[in-house]
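To start, I am sharing the structure in question, which I have written as structure tokens.
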Amino acid sequence: MSKTTKLAQHLETLKINNMYKNDFYWTWDKTDDEIDAIFTVADALRDLRERNISTKVFDSGLGISIFRDNSTRTRFSFASACNLLGLNVQDLDEKKSQIAHGETVRETANMVSFMADVIGIRDDMFIEEGHKYQKTFMDALDEGYGDGILEQRPTLVNLQCDVDHPTQAMADMLHVIHYFGGVENLKGKKIAMTWAYSPSYGKPLSVPQGIIGLFSRFGMDVVLAHPEGYEIMPEVEKIAEENAKKSGGSFKKTNSMKEAFENADIVYPKSWAPFKAMEERTQLYREGDKAGIDALEQRLLAQNAEHKDWACTEEMMKLTRDGKALYMHCLPADITGLSCKEGEVDNSVFDRYIVPLYKEASYKPYIIAAMIFLAKVKNPVDALMDLERKGDKRKAF
Amino acid sequence: MSKTTKLAQHLETLKINNMYKNDFYWTWDKTDDEIDAIFTVADALRDLRERNISTKVFDSGLGISIFRDNSTRTRFSFASACNLLGLNVQDLDEKKSQIAHGETVRETANMVSFMADVIGIRDDMFIEEGHKYQKTFMDALDEGYGDGILEQRPTLVNLQCDVDHPTQAMADMLHVIHYFGGVENLKGKKIAMTWAYSPSYGKPLSVPQGIIGLFSRFGMDVVLAHPEGYEIMPEVEKIAEENAKKSGGSFKKTNSMKEAFENADIVYPKSWAPFKAMEERTQLYREGDKAGIDALEQRLLAQNAEHKDWACTEEMMKLTRDGKALYMHCLPADITGLSCKEGEVDNSVFDRYIVPLYKEASYKPYIIAAMIFLAKVKNPVDALMDLERKGDKRKAF
Amino acid sequence: MSKTTKLAQHLETLKINNMYKNDFYWTWDKTDDEIDAIFTVADALRDLRERNISTKVFDSGLGISIFRDNSTRTRFSFASACNLLGLNVQDLDEKKSQIAHGETVRETANMVSFMADVIGIRDDMFIEEGHKYQKTFMDALDEGYGDGILEQRPTLVNLQCDVDHPTQAMADMLHVIHYFGGVENLKGKKIAMTWAYSPSYGKPLSVPQGIIGLFSRFGMDVVLAHPEGYEIMPEVEKIAEENAKKSGGSFKKTNSMKEAFENADIVYPKSWAPFKAMEERTQLYREGDKAGIDALEQRLLAQNAEHKDWACTEEMMKLTRDGKALYMHCLPADITGLSCKEGEVDNSVFDRYIVPLYKEASYKPYIIAAMIFLAKVKNPVDALMDLERKGDKRKAF
């Protein structure tokens, strides 16, 4: 029996009726079965693709991308996922549009969606803004569909907001599942999601939040570590706590990087900005207070500089389980001596983990494709079986 | 009998031999049958798409877009239309090209067209320039094709020039046709195409020109209203007059917004710049006279500000037929109290008409697709019937 | 027998086993059979396309383009080639990516390649940098593929580096082959690859280098002419010498444009920057020496201005074989009295050769498609025959 057939059979056992025609905002909106379904479909699509079997479920159609922040990985992952399913990407470049002319989100949303099957949005710059923008956008499409303006309601894939970065966290998790040989092996594994020093300023909180919000569902011991003052959103910590309780794992916080690394099976050291400071920044931007923003930036950089010892060094790695924890990062990392003078991780550590790091990233296109697939395909089990049975070649010769 | 079959049968009754391999510059270049054919094919393509039937007539091929002005709606409409028919869009971004290096239009035209099936151009910024650019471009392709450089002659879709905005006017008209329950119900209906105050400067004349040039063909009473000094191109007024005569309708001009709104069935209040001022501006740009341009802008903004009473207020709406005229706009509108302090339309009026306004916009992708279809498909009746009979699914599962 | 069948039969006689899964950096990496194969496949793909037969070998897949310099022709040629074969282009716009955040080439290469079939790179700005970038990029993909990160190894098409511009040189050569009625008629033909004056600064050397590196393989008399101080890379001159020896032609250098034009069958007058100056420029950029760069630019422009007599005038053309040499250029040219006051070529000369010039350019999409085809298709002979036999229509109606 092929891998895809096995995966389709597993998919059949899951309760996923709510996924069809639904959006993907945050992993914690989804049931365990739904999360499982995404991993399952991602693996199946990858298996088909690797066997040169076409996974096009669309003959034509558009995937709309809106990147309100720079992106390489996620942009290419979204483009790859759309292409894999037969959709063409049309990017909304706000600079080339008339959005500056006072167009409302409601209007933009409808105007770009007449033939859209999926909308991918990255909006991670401002606390309290990113998710709100996505929600406003999709509410407008609900209305547009309800009012008969749109013939169909496109689905959302959150490509990173201020709260969660679900395509990242799920790609990371699928990597971990395969790395440890199956989801059943994760119980009791310790993951250290820790802050790390970077010479930059204002990195989004959605990665640490996404990680603790998702990894806490698998019975793991999730530790969130950061210096005082680098708190993340309390709502997400609460979610991690509840998840941990339900899954039989744990969620702990600490202000010691060492404590977090101690016997960790996985470490995820990464810079982010303090939640409170990000709230302040959002407010300053709203007020157009340029001087205030500059002052805040200086203050935050100075605050960062007090914590240069929060780095994933060789010494720190020795503290982990057998000195061999899996090192993870969403990339690009600030690598000491390579991309900056002092950063998140020693070059020698980073370099030793390049292969797993790149593999980690390789899951993202399939995760996004699976999200689209499950939101747009009515009978995903049949669809996977049909695609395999037909066996149309992706590359003909 | 399906809607598409009925539409195909109607299409068969129309004389449209000249459309194959032809361009679309202005609606008034086209016969009544040709205009009818575009509406018919647009409706048929929409019917097929809504029934999940593939309308791909191309297995591969390129649609080239050239936007010399910002665009959201038209850009996405063109991308949607191309995708609907199986073409990929390749955008010519003049900033990333070598056009700055003194390349001629003739050369650019040929260089981007080796595998192009359709060229979509927006060039609406300068009076006397937009159409000229499109014409020069397409003449170069005629020559290139004649000389054996191009294996085929791509077709033009005018995505807005200084004279007409045919994809807008035709989408608007198809909306009106459906709104009033058929083209036969338009005779005697009054449409007020009126200037309205906006805090901006230099909006193109092609929308009002496109509207009076097209709507005057349907036996309607077309009224063009604007303050003194906001004249449009006299050639287009002449066309509207002749059209009105032929169609049994009327074309009138007035300097009173109230007179225009009085008993109107449709109102289209929208800002534009005075034709004479736009001619002056073109000249100043040609001379590179930056100070002159700034002075002109100040003069025009001051002139605009004298006419803030030209606004589509609730009070003005009460003047229309039963107070319930259909409000139209090409979007984005300058909405008083929403996108600007004082603008073209009261927020409450705009908001009440959002559903019809967005539906109006939803026709544009199908209008563009129909223009391409009729220019590229030799036997459009057979093609529509074939697409329906084959019934390939757009979304397979 | 169809043209494609004949071409496929010819292809069968060629030794091209090394092309599958290989990259295209420089023409001189390739054997004569391999060069012949590219011309053959390019002609076959063109024949199929012109007979409305689909040449899609991919059902889905991505072509990644990276333009580190402006481009119209090559950008559209790459997009056309990908479209012709069924691939979608995803452009890596470094300004919208996170590359500025210190990402390494190795990382970027892997991140954009998870679903890539082909990578097209233009990097021609800095001597010693362009090829190095491409090589580093592709080495990273070798590693990524070897490490199981990538399921397949995308192939490289060099869209211009500091050393060669193979898609240009090969399109030029295919034009010459057809112009003179076959490769067998090229023996003894004289081509003058000469420097010409342009008011611009710093044009790449890859075109003259590409031309002498390729044209010297066909038994032609290749003459490279430039003023003293405009030397090109000595390595490439050596290649041209060796090629000439093997092919029974000749390779000569001269500092006299007249000598080069004397009885030439083909002239290719084009500006470029001195190799030494480009080396100096690369160094200044490395050091971030803005003042030094400006000073160098002034010096080079002054040096250029001493050679305004190096122009392809009507008088110069009279020196060529019967006054009727084939005039070639990669475009856009600096045309005296049209795009600049004094430039590379008289307007009357350029204008007389516009049709052959544009035809010359028309081969580039097919050359690129052939490069991709031969690198990705295992049995190219069978594939061509199959495509023809199936005869799927590119445009259905």
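Should a chain be cited, it is by its letter among A, B and C, assigned in written order, with residues numbered from 1 in that chain.
Following the convention adopted for this analysis, a contact is a pair of C-beta atoms (placed from the backbone, for glycine too) under 8 Å apart; a residue touches a chain by one contact, two chains touch by 3 or more.
These numbers come from a predicted model, not from an experiment.
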Practice problem: Check the residue numbers that subunit A and subunit C use where they touch, and answer same if over half are used by both copies, otherwise different. | Solution: different
Quiz item: Quick one: how far do you have to rotate subunit A to sit on subunit B, C-alpha fit, nearest 5 degrees?
Solution: 120
Quiz item: Per the centroid of Cα atoms for each chain, what is the distance between subunit A and subunit C, given in Å?
Solution: 40
Practice problem: Specify, in ascending order, the residues of subunit B that touch 2 or more different other chains. | Solution: 56, 88
Quiz item: Inside the complex, what are the residues of subunit C that reach subunit A?
Solution: 56-62, 64, 88, 90, 92, 96-104, 106-108, 110-112, 114-115, 117, 144, 147-151, 376-380, 382-383, 386
Quiz prompt | In the complex with subunit C, residue positions of subunit A that touch it | solution = 49-50, 54-56, 67, 70-73, 75-77, 79-80, 83-84, 86, 88-89, 200, 331-332, 334-335, 338-340, 354-355, 358-359, 361-362, 364-365, 392-397
